[in-house]
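Chain lettering (A, B, C and D) follows the sequence in which the chains are written, and residue indices restart at 1 in each chain.
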Amino acid sequence: MFWNKKENLDHQVELSGDYLLEVRDLNVNIQVEEDTLHAVRGVNFVLRRGETLGLVGESGCGKSVTSKEIVGINPGNCSSKGEVLFRTKTGKVFNLLELEKDGVTYRALRGTEIAMIFQEPMTAFSPLYTVGNQLSEIILIHEPGTTKQQARERVLEMLKKVGIANPEKRIDQYPHEFSGGMLQRALIAMMLCCDPTLLIADEPTTALDVTIQAQILELMKSLQKEFGMSILFITHDLGTVASMCDRVAVMYLGQIVETGSVRQIFHNAQHPYTRGLLKSLPKMNQNRDERLYAIRGVVPVPVGLKPSCGFHERCEECMAGKCDSMNVEPVEVEPGHFVRCLLSEEGKVRA
Amino acid sequence: MKLKKFLALSLALIMTAGILAGCGGKEETPAETPAETPAETPAEVEIVKESPMLAELVAAGSLPELSERLPVAADIMVETDKTPENPQYGGTLRRNNGGEWDYGPFTEEPLFRLTEDGGVTPNVAKGYDVSDDGLVYTIYLREGMKWSDGEPFTAHDVAFYYNYMLVTDFTEENKIVSGYNGTTYNWYKTTDPADGVTKPAIVTVVDDYTVQIQLYAPKPLILQNIAIDNKWMFAPKHWYKDIVAYDTSVEHWTGLSHDVLGGAGLTAVTEEEAVANAAARNARFTFDDYTQLGNQLGYMYWSYKDRPTLRAWTMDSEKTDQTYVFVRNPYFWKTDAEGRQLPYIDTVEMVTMDNALYSQEMIAGNLDMASVDVGDFPTYKAGEAMGDYTVYSSVQPNWTSCSIELNQSYKDPQYAELFANIDFRHALSIAVDRNEMNEILYAGLAEPAQAAAPAGTAQFIEGAREKWTEYDPAAANALLDGIEMISNDRNADGYRTFTSGANAGKPVLINLEGHEKCNSAEAIALMAQYYKEIGIQLIEITNTARNTRQQKVTNGNEIMALYEENLNVFNPYVRPDRVGANRNICTWVGKYGLEHAEPMTPAAGSEMEEIVNLTKELSTAATMETAEAVGEAFLQSHLDNTWIVGYLSVTSKYTALGNDVKNFDADHISCDELRFYGNAKPYTWFMEQ
Amino acid sequence: MALFKKKNKERDDSYYYASQWQLMYQKFRKHKLAMASAVLLIVFYTIAIFGNFVAPQGTEQFSGEYVNCGPTPIHFFHEGEWEGPFVYGLKRDRDPVTYMNIFVEDTEKICHIDFFAEGDKGGEYKILGLIPCNIHLFQAEGDGQVFLFGTDGMGRDLFSRVVLGAQISLFIPVVGMILTVALGLLMGSLAGYFGGWVDNVIQRLIEVVRSFPNVPLWMALSAALPATLKPAQVFMLMTIILSLISWPNLARTVRSQFFSIKKEDFIMAARISGAPASAIVLRHMIPSFLSYIIVNMTLTIPSLIVGETTLSFLGLGLRSPATSWGVLLQETNKLETIMFYGWKLIPMIFVFLAVLAFNFLGDGLRDAADPYK
Amino acid sequence: MNKNFLMFALRKLATMILTVFLISFVVFFIITLPPGDFLTNYIGRMAEAGEAVSPELIAELKAHYGLDQPFVVQYWKWISNIVFHGDFGYSFLLSMPVTSVIKAYIVPTMVLSLVTMIFTYAISIPIGIYSAVHQYSVGDYLFTTIGFIGMAVPNFLMGIILMFISFKLTGNTMLGLYSPGMENAAWSMAKFIDLMKHSVIPILVIGLMNTCSLMRTMRGQMLDELGKNYVMAARAKGLKAKAIRYKYCVRAAMNPVASSIGWSLVNIFTGTTIVAIVLNLPSMGRVMHEALLDQDMYLAGSWLFLMAIMTVLGTFISDLLLAWLDPRARSEYLKG
């Protein structure tokens, strides 16, 4: 590892226990012309080694911005506050927000420690270079001294691992010659080439066919077992969360409104939003004549927000004069289960 | 008053020329002015007699010695009166390129040079004799004179040109046929009043340095005619041999042997072969047909590199080049009074660009010389100091600087009738506010005047210049109202219409063509606005320039009138082109001394018929008296008929010349017949180094 | 992105239900340069329409008295006293060396400027070509002269020429644009709707026309205009020539729009329901990309303005006394213009402004119309 | 693969030939358009020269030039002469075969066009990249403004303005390609420098419009590319921003720019024509202008034809270039 001397890394940050990643009070603002969008507003969560945390919410509630902030690839019009603590393989802990975005340190972490796969694998590859070229690139930049031939062999191996048939042929093909599912496999292969400890998966299956989705999820699970990395799994689909994650954090309007284990969330959801999401899941035994539930309205634009519960406009249980006029702090309703709702005040657990 | 002096002399000397012609010419005696260093030159100053540039070549052995390049000492032509004090050799004169009729005359060397007084003086020819009966002209050439390629120039070159290029046949209808030149000169035809028979002159070789012109009937102005219209009456036979179509196995129209006619050594060449031979000799000599070949290589030869000439500088560029470079002719046959071979200047460059740009190039110091459009006079004048040049003015003996000439041979009968109507022409004349025009076009440098000879010239007629010049649109309208064939009321656009005939209901419209060399657009736009006031529509047809203008006039179905900026009239009986029927933009007789295969016949008893008859009479005039009388009649006809509607008098000819160019004679008279700048003898100018 | 531009609090329901046009207008209003350009162009066109009224002189007036006269200053005070707007009389002198006119103010003579002046001085004209009138916006009384932009080589008021020239230089492009759009739409729709060989033929045609460099092709075509045409006819033919050359760009846009829209459900629906082709094209397809067409139209105009001025400048378009900005610019290609008569360059500014304004306007419209921005 | 590419090139070539054929038709139509055809001039010339112009002769001449034939036959005569003999007809303006005229001017014209083109791309691509990378910076605003102005000012105006500026600054308007005395001098460093000095204004003027529009295209393309997901992905794998920019974005943004090479010739030829007239350059533009004013249509038409052919050739080359550069386009083309 080569640390950038310019970056002030002297003060050692604390990261307790077996935490791999801790996000503390993360705020991300996006500047759009003269408006400031408060995309992420005081997000806290931790991720342990080998654990899978699901980050759930509708589009536009800040999950992607949060995850990209961790990798440090948000565009230039984003500014962030708070701490994102990360422990490297060597045990060194960094506050990622303090690192220069395009600096040597951060770049050295990306790919080797923190990897990310994306929603649309077709656009995550440049159409101009072969898949092999783009895959071996990650090895070549992180492990100087590796010959192209060596990199190629490792890429072939990885491709085999992610289940791409005939990798010798595929390696020299261009992305447009791959199907979506295959590209996602290739992307996973690319990101795992350098054995990262944290894999951020930003809705990795949304753009894929249902049968392929399952395959990719299976692949991720098996790879997690093999490589032992932690996964931050971002999705709007509670169904996949159930099969993939250990814990879940539900996000709404830039805040985590409820967090807990999969069990806690699925069986004891407290926040009206979480409950809404759960309700809108189609059930096997659902009556056909029954209308599918939908949360009314849309996620508001996070501009010029007044102190209030972010969900009050859409909440069926909204308490006028309370929810729409004061900020809500999270409360722990049971061990490890936090909710940000006035209804859950004083630790009342709702049935 | 230069002009006065010049034109008074002009009359006197034309008469002298006539007398001389009548009583036998005089031979120039070059021996009196020896070419070798005159005795009075101080011995200690050694005069450099050739350009260092040539001396280098001589030293390198690629050029013969000066003495071998010049004619024999006695036959060198010496420029006595133009020798400057301390001339310097070398330098490049950069000037505007006014087209082939500008750079041609600039370097032209005629057989006989027309003088400012209307006489002729030998130039390429050394001298001449006229027989007592005025029928035989013996012309003496310079021994040892050489073409620019070093080949000797002899009597064969003259006879060859006349017999095989110019007058290749003479038909039963008394037509001269020219297979090559594209033009034929009817001045060589004479008619014997006794038998009414017309025959062209016969030109024969007497010896290597003597040619003879034999006329069928006396023609006292023949040398002037040659000097004006066929000044290049010679061609390098060695160069043209295989690109002139002629079959020497057939008898020549003269009936004489080919050897005597300059045809010795010629073989049969067909037109196709000639075209092919030319193209084979050089790709630049590729022409569409023989007429084109003749017109270009034969007639406008000075635009072609490699064609040997007798000129001071020869073309060394392609026609497509933007700057034409003329390099000095190492065999030039003139020296100054102190024996220096002319010219002094090594190179002349003619730079082609838009007319509007010359002034700025002059001011920026990128040119040494530019011919000034009168409208640009203020600009040139204001930039004198900045560009280190001087604007000189020279006399132009022109009749007008802004005029309209109606096409009297326009084919549409209604227009023909209208144009023949003198009231119509007078209406056009007084419809224009000449003072205002003068202000706008020439910054007040000209004067309001009818098209007529300027004061001080021999052709000057009291009152002619003031006739019909008073601005009076009401009177003009009244004149037009009196013309029956056109309406008194106006159409929706404000124009009069024809009342009857094929054009009934159509507006009276004059399609006018401007002149390529003039900044005519503004003048024509002005005229159009004045004409509109009297209900006549004037439209400028695209200024098509070059060599198509006259043809379109001749066609008689497109151009109805011409705009002229410099109506050049030298002397009506020496050159009746402008005032006679020839060039009065009609096809009655022809122009530039040419004749038409099918001359049109003007209406019997018309004023135009009179002019046509006069022109014919002049061409057969056997005595000076007849010629003079015809000249008088021409002037009278113009005075009576206002054939050319002139608006403004001529201005001076302005020339911007770098201050390092010396020995320029601003007093030269500038006109076509005297070859414009050629009259100032550019080969005597030099550039201060 | 501009969606966020309106603050939440100001946003009422109408925002969500605003039509495409209202949205476009709201977005357009934010583009300050485009708005300014629109205002400028409205001013230009208004002046041009009432050109004969605004211009103190008519097209055909000229004068030997005032050749190359600089702009006349407008004064308000005479010897310290308020007089209202007036000009001094002009005394003409001639430089003895260069023969140039020198104009000096004759401070003895005060000529007030009359607004809405009646009189023959400016000549008679017809309002919008219909109602005869001889009232001009302003005129100096007596024999005073107001030359706001000076005069040209024929003593014509340059301000009047610029104003009257605008009638040609601003309207040829509009007429040309209409023709261009009509042609482009027709060709593009044919190609896009029918596809197959029709498309092939039209594509070849587009390629052929596009392969010619514009100006040389304009030059070649206008060289064929007979000289005997009236200015109005030259005007029409120039317009036709210009649009004959500029349609392919629009046709290409329309064609590709057609191809992408053809597969959309609402078109399929219309087709299945048996609507005739013309109705589908006119009622469903063209409206769906009308905004593109409008943007294209706006951006066609500046190129046509440049076309007209270039042709006239090269002497292949209109000729004096007919006036257009290109005709006026003919005089600028001379050194003396910059050396002595700087005011003759003023028409350049107007060409520049008009072209720039149309470009900005088009840019603003494009931004407003683009749903992805 | 190579065989496929060849097939693709051949197919393109076939459409190109079809286009050229159609272009030649248009050109010939333009040639025959002016009211006074050259034969009328020719007859006038002969009549003036004193030759008898009988109706029989006129008929004979018409037959000789094919003018009595239907348009198609005349066209065939013209085009077959070009194709089989390289004979573009005869210029009455310069009294020489059109081919000779073109030969004389084509080199300077092409050199000027080429240099301008290189200049255009060399300037606009880096500026476009800079503007995109530093979006909304002072530099970006500056270049955007210049770009707009450059697109708004007609070439001829720009030429005049620069000429005047040059005159004000140096007292010389820098007309033509050489200073006095340099034009016919032998090649030397001094001559080259002189040529360079004189080329500044023409290249600026010819290239300006193109440079500005290319600059804006490049900027837009770069912005598009910079916002694409693969940039994020590449960053996520630890690639340097600069490396991403050049390896991925620039390369991708170049594709549309490369495919515009052919069409940019259209602008450049337009520019050369105008600038040659305004700045008095020894290129074909001036001759074409004169030819048009004189209605010497074979000359003007042939030049127009050549320019169009060169544009078509340019687009052909840029099509091949694009196919070579962009694997997607390649496979699409190769499929047929």
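As a convention for this text, a residue touches a chain if its C-beta (ideal position, glycine included) is under 8 Å from a C-beta of that chain, and two chains touch if they have at least 3 such contacts.
Only a predicted model underlies this, so the values are computations on that prediction, with no experimental measurement involved.
Asks: Looking only at C-beta pairs in contact, point me to the busier pair out of A-D and B-D.
Replies: If we tally the contacting C-beta pairs, B-D comes out ahead.
Asks: Quick one: which chain's Cα centre is the longest way from subunit C's?
Replies: Chain A.
Asks: Which integer distance in Å separates the CA centroid of subunit A from that of subunit D?
Replies: 53
Asks: On a C-alpha centroid basis, what's the spacing between subunit A and subunit C, in Å?
Replies: From the centre of subunit A to the centre of subunit C is 55 Å.
Asks: Please work out the Cα centroid separation of subunit B and subunit D, and write it as a whole number of Å.
Replies: One centre to the other, that is 42 Å.
Asks: Find the geometric centre of each of subunit B and subunit C from their Cα atoms only, then give the gap between the two centres in Å, rounded to an integer.
Replies: A distance of 49 Å separates the two centres.
Asks: Spell out, as numbers or ranges, the residues of subunit D touching 2 or more other chains.
Replies: 167, 173, 277, 293, 295
Asks: Scan subunit B for residues touching two or more other chains and write them down.
Replies: Each of 354, 357, 360, 542 in subunit B touches at least two other chains.
Asks: Can you tell me which positions in subunit C touch subunit B when the two form their complex?
Replies: Per the stated touch rule, the residues are 60, 62-65, 67, 94-95, 97-101, 153-155, 223, 227-228, 230, 315, 319-321, 333-336, 339-340.
Asks: For the complex, which residues does subunit D have touching subunit B?
Replies: 36, 40-41, 43-53, 90, 92-97, 100-101, 104-105, 167, 171-173, 175-176, 179-181, 183-184, 277, 280, 282, 286-287, 293-295
Asks: In their complex, what parts of subunit B are in touch with subunit C?
Replies: Subunit B residues touching subunit C: 354, 356-357, 359-360, 363, 376-379, 381-383, 433, 435-440, 443-445, 493, 509, 511, 521-522, 525-526, 528-529, 532, 539-542.
Asks: Within the complex, which stretch of subunit B touches subunit D?
Replies: Residue positions touching the partner: 92, 94, 175-176, 178, 182-184, 283-284, 286-288, 291-292, 295-296, 300, 318-323, 325, 349, 351, 353-354, 357, 360-361, 364-367, 386, 542-548, 550-552, 554-555, 558, 587, 590-591, 594-598.
Asks: Residues of subunit A touching subunit D in their complex?
Replies: 68, 71-73, 75, 102, 107-112, 115-116, 118, 120, 123-129, 137-138, 141-142, 174, 176-177, 187, 190-191
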